[in-house]
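Scroll down for the structure; my scribbles are underneath it.
Labels run A, B, C and D following the written order; every chain starts at residue 1.
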Amino acid sequence: MTDARQHSAAELLTVLSARELKNGQVVFAGIGIPLLAATLAQRLDCPELTILFEGGVIGAFIEPGKLPPSTNDQRCTKRANMVLGSTEVLLLLQRGYVDIGFMGGAQIDQFGNLNSSFIGDPRKPSVRLPGTGGGNDISSLASMIVAMKHEKRRFVEHVDFVTSPGWLEGGSSRADSGLSAGGMHRVVTDLAVLGFDETTRRMKVLSLNPGVSRRAVQDNTGFELLFDHDVGMTSPPTARELDALRTLDPERLFTA
Amino acid sequence: MTDARQHSAAELLTVLSARELKNGQVVFAGIGIPLLAATLAQRLDCPELTILFEGGVIGAFIEPGKLPPSTNDQRCTKRANMVLGSTEVLLLLQRGYVDIGFMGGAQIDQFGNLNSSFIGDPRKPSVRLPGTGGGNDISSLASMIVAMKHEKRRFVEHVDFVTSPGWLEGGSSRADSGLSAGGMHRVVTDLAVLGFDETTRRMKVLSLNPGVSRRAVQDNTGFELLFDHDVGMTSPPTARELDALRTLDPERLFTA
Amino acid sequence: MAAETDKSGNGDVHSYLELRAALARRDRGLREKVVTLEDAATLVGDGDTVGIGGSTMSRTPMAMIWALIRAGRKDLTAARCIVSSDGDLLFGSGASRHMITSWFSQGILWGVSKVMRHHVETGKARYDEWSHMGVGMRFRAGAMGLPFMPMRSMLGSDVLAQRPEPKQIDCPFTGEKILLIPALNPDVALIHVQRCDAYGNAQMDGLQFMDIDLAMAANKVILTTERIVSNDQIRRSPDQTKIPFFCVDAVVEVPYGCAPHECYGVYEPMLKHMSEYVALVNGDPVGGMKAYLDKYVYGPGSWTEFLSLIGVEELLDAAGRGRSIYDD
Amino acid sequence: MAAETDKSGNGDVHSYLELRAALARRDRGLREKVVTLEDAATLVGDGDTVGIGGSTMSRTPMAMIWALIRAGRKDLTAARCIVSSDGDLLFGSGASRHMITSWFSQGILWGVSKVMRHHVETGKARYDEWSHMGVGMRFRAGAMGLPFMPMRSMLGSDVLAQRPEPKQIDCPFTGEKILLIPALNPDVALIHVQRCDAYGNAQMDGLQFMDIDLAMAANKVILTTERIVSNDQIRRSPDQTKIPFFCVDAVVEVPYGCAPHECYGVYEPMLKHMSEYVALVNGDPVGGMKAYLDKYVYGPGSWTEFLSLIGVEELLDAAGRGRSIYDD
């Protein structure tokens, strides 16, 4: 029997973000924890969850222990309902078939903008990151869940570069820029579950993870956080959740 | 042995227009005589002729005696190299993969514009014809061969309605309208083979069919024809051509 | 949506928020959707814009059209790349008085449809003519969630001169004249396939026509199918799935559902019945049509009874020819 | 064309007449095109814009890229939806100093590519970042013979702010902000498939990525294939053909032509070799890359010798995993 008290930060992230998905939804999942969490949700309480991958897959059921190294590998097509072109699957976002976009993130700001392109000044970057992939398309066109490690260097007031648009400068700036649909919905971290204020679109703590104080979350965040009027306490991962997760990723490929 | 002197006007049309095709070309063929003539050319001297149909077919080999009732029927896909969407096959015209568009016509004018939409005033037509189908797309984007009966009522100075653009008002008017590629190349009739003047873009007799006089062609044309400086004499259908044709269309479906 | 989308049939393109809202209202969960022809007919409302799959006499969703006429639907705007006797029946029955297509007759074998002529020439019904690719671009823009698609044909022709909806621009990259074709997002699409599962994952063989774009563009999709297969069978060859379940709202199993037209690899057109039909309606587009509708559409108690009127002999002959496409 | 199309890689879209002229020059007749890797490499010129098929570690035309590096090609502008170690090798060998893509690293398993970082951060090479769909729209516009495609993403982001090529307009139908993405028509496309015939009719299984649009968009296509099959086999299932022969200029039979990447249904990635590769080049993007190129690219006398260096054990393991996608 799994000891539910023993789990890695990545496992916590995966379990908590899996809980954000609802049965019957169509979710566009990125590689890593999003793919794993969506598959976990499918195995637990969302058997009718439809998972999309940018490689061109609709409704896959990833095999336990056979996680794909990217969302463009053949393993992503296992037991899928449909395999189609990359452009076609991305167009499903634009047409509006996708309920939730689900990604990881390297750097996020107070308005939920994501940066996966540059660390430092883009004209003379200290680090050139891999780039957007489908991230910009997903976050431009769908309602988003982001799963990431909660560190001060990752939660910054302003990202160095807006790779995947959240609420941009907040308020109505996203819609004003031409992005009339979608937007950042949830940020799931190893410390808390966060949302965004309806009006200002600034990041807001909705619930604290087990054993995490408001102070601890704020200290690990590079900007001033809002806190919901009644901040809840995230319920810890259950043995059932961790068992299912470890069956899916026995080699800890994404949950080391 | 077939008596080459005995043939219908439709058979003559089919044989003569088949001769206009060259081996290795990519030809987009309409239903009826174009489909039949392209298939005939394939059986005779153009084994590498690639025939496209608007139903979504590349490189078909129609079976003798199994002519399709339209270019959207399964018989069009027999022995094809590729079957694809209708929009995809039409887009091959726009991309430029097609050497020759090959159609029939109900009414044509001095500049090679075709009408298959209305007889009389379009606002109060005496006859509403079926319409363009792929005709407008083919003639807008490819170099054209048209096969049709040579009658005064069909060869008019100005068509009632430009369904499929030829050289429009002649000169550079076609290019000026935004149609920078393609244009009317040949008109094959039961009386003559015609082309278009390089400058004025008016219809010009290139060669007369066996036993047909200049006078006869002009008398059956509703506008003044140009005649090439050395008008040739079309060589009559050979027994080989007619044999092959009658093998393809034994029931005279398109060559009655 | 009906009125709105009927306008969109006339080039009044939906705003993106309207388009997204209409889609957000649909249940896209993985669920069984098998219903009867009669139940499926209730998903179509009077005045709806209806996209029709297949082309000419191929994979025409005849059983569904037959059911809509029997259900007394009216004022439908119908859109199809190329229209055959399906358009005759929609006009002749009064179910539709507005067709958006590139070609409308029964088939080249029979000349010009007297039914189309009667309704259009007398102003009883409207036929908006687009080029074949123009119809394709309208569905494609709709399928891609775009307000328009650029296109290079129709320029300079009277086909364009007669259409108020497209907009000609100078290309901001090349300065060339380019035509912008407005999206068409039908209220409902009617599509017939060889096989699909109970969720609506559809696999089509052979000619696809514009059915994939049509399915993605429509705000509702009714699938009729020669047979319903297991989801396991679909998942064994997911790269053969052409329409995903989440854009399908109803699935109806209807063998010979295209009769008297063809279904690729299953049966070819039933030309004996077609010729009898054409002789009847082209002889008298009003009385002949009424006689045909009474005998073949309103008369039968079921689609199977309609097939019985065509007769086993012609059904078997069509099926034999249909399967022969796979002979070497 | 090279210079011209290199410009087009920068959003300088061809005029329609240039595009048509380039295509008209190609022999589109039904003819055999089977050549060697070395011969195929001569179809690519220095400075060409090269579109690369597949995505990340899937159906990457590795053998062809390997042959181009061995042939000493330089100043190539490479375009691919998502780039993996293929991009490292092109930058590291000096074959290319300009990449057009949406994501560039070896793979998420190995963090950020030090080779990409070294070349981009030191200004030795250029990485133009587009959204994944943005790359798709560039190929699609090119495939459709259009100067641009409209798109709704990239708006409001710094990805757009950094790109001079797209143009934002107010939609003439809805008034909404829409982005116009310029066509990309590469001089050459490199595509690997599971099977094709000697004419170039290609049938792909499983994931298609953007290969169909890429093939239609390019002004030249080099196909590498796991095996060459008869034209008869192709004609028995024409609806499985994804790329028509007339847009293919060369066909090369190269078993394991994606190694060490995967080819759907044939073999999965050779992760042991990939991990050794990454350790080497991310440890030292200059020296490590030189060592890898010397041993695995310049060293072998043939592609088969390169495969021998990977070793039969890993080839068999990858093939076993590759075929397992069809297990129930």
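Simple rule for what comes next: contacts are C-beta pairs under 8 Å (C-beta built on N, C-alpha and C of every residue); 3 or more make two chains touch, one makes a residue touch a chain.
All values reported here derive from a predicted model rather than from experimental measurement.
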If we look at chain C and chain D, which chains touch each of them? A, B
Approximately how many whole Å separate the CA-defined centres of chain A and chain C? 40
Between the Cα centroids of chain A and chain B the separation in whole angstrom comes to 58
When centres are defined as mean Cα positions, the distance from chain B to chain C in whole Å is 29
Chain D: which residues touch two or more other chains? 16, 145-146, 151-152, 176, 178, 206-208, 239
On chain A, where are the residues touching two or more other chains? 57, 77, 83-84, 91, 94, 180
Is the way these chains touch best called a line, a ring, a star, complete, or other? other
Can you give me every chain pair that touches, using the contact definition above? A-C, A-D, B-C, B-D, C-D
In their shared complex, chain D is touched by residues of chain A numbered 31-32, 54-57, 69-70, 72-78, 83-87, 90-91, 93-94, 117, 122, 125-137, 140-141, 161-165, 168, 173-174, 177-180, 253
Can you check the complex and tell me which residues of chain A touch chain C? 23-26, 48, 50, 57-59, 77, 79-84, 91, 94-97, 99, 180-181
Would you mind writing out the residues of chain D in touch with chain B in their complex? 16-17, 19-20, 23-24, 27-31, 143-146, 199, 201, 216, 231, 234-235, 238-239, 241, 244-247
Going by the contact rule set out above, which residues of chain D touch chain A in the complex? 55-58, 81-82, 101-105, 107-109, 112-113, 116-117, 120-121, 127, 129, 131-134, 136-137, 139-140, 151-159, 162, 168, 176-179, 206-210, 212-213, 262, 264-265, 268-269, 271, 322, 325
Which bits of chain D are touching chain C when the two form their complex? 11, 13-16, 145-152, 167, 169, 171-174, 176, 178, 180, 182-183, 205-208, 236, 239, 328
